[in-house]
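When the chains are written out, they are named A, B and C in that same order, and each has its own residue count from 1.
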């Protein structure tokens, strides 16, 4: 049983979703050794999220962000506004999308589908340095 | 430590959620051997999702699909429309619901609650063959 | 490889989200022994959810519940109404938010971010005893 845990810091993009598959794979040196197991990602923040979605057309990222803005409008009667008008909608989006992912590994490779990529979604209106704990575990 | 990984293909139902608990359990032959551990499911697609919800009344599935349609309306101003009007709403629903599940196992049985079942939710307006990577791991 | 599995019952608060980080940590006696691994939580219900969000200002919990009410309004044309008007919206919210969490452990401590706490979100309009399966696993 192999375990490898590392924390990656990625600069997010203001109010947008970006593809981070390559950055994550590059940071997880032990991935190639795992015969069967998992990559687990955990984002240590409450106003951003991790998700898996389409890895080819950047319009998908743009449309996802736009739809989230429709689903959680800024105009709701929020009380938690001390950190700005964009803060509480960001907290809601973070819980809807989630802050962790677990992807199976087989023969040293992530079993992502052809069209799947890992997104880091920044829900605040400014970019931030976001910490992601990457854990690889399995049978080597 | 036991590991078993298998890929199951299930035909989804156009724009609907279906119960797949029995199909998954049947495909995971090693489940009965695990004393304490997990079943992890990973859907290799970006316009469908996996979730856990009520396993008895089919109206719950129908109402869930209807509510998702309300939450992510087709009429939003999407740019990613090359694959049809239903494609981008399906991507959004997939990220809201998620594509993986992890269910604890004890004494060879899934620790699902009495009313919990595993759903495969098809967010496109046609059914598709959907691949699910099923991984069982734990102490046997 | 260490495994510890225990079920905790927590009384939820009618239609509200509460912080349960301390109750969970207290129930997981083996946590301190794990050098690298995970805490996995699984809620055995379909009208409540588990999520991670801001652990300081109670207005965040109040605003999250309010936003969920906006996102999944009671007035939708639900068919599954036998258990009350609040039941089907609760099922939808449960699937949007999710019923499981997996948090990395390092040196006997959860790697939650500074502002992250574990929420039990009750989506029914009455409180209930909610069962959470807590599994700790990793290298001790």
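Here is the rule we go by: contacts are C-beta pairs under 8 Å (C-beta built on N, C-alpha and C of every residue); 3 or more make two chains touch, one makes a residue touch a chain.
Predicted model only: the values in this text are computed from it and were never measured.
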item: Proportion of interface numbers common to chain B and chain C (over half same, under half different); value: different
item: Degree value of the rotation bringing chain A onto chain C, based on Cα positions, nearest 5; value: 120
item: Centroid spacing, where centroids are CA-atom means, of chain B and chain C in whole angstrom; value: 20
item: For chain C, residues contacting two or more additional chains; value: 1, 71, 96, 98, 102
item: Residue ranges of chain A in contact with chain C within the complex; value: 1, 3, 5, 40, 42-46, 71-72, 76-80, 82, 88-89, 91-92, 94-96, 98-100, 102, 131, 133, 135
item: Complex contact set, residues of chain C against chain A; value: 1, 36-38, 51-54, 57, 59-60, 62-64, 66-68, 70-71, 96-98, 101-104, 106, 111-116, 119, 138-139
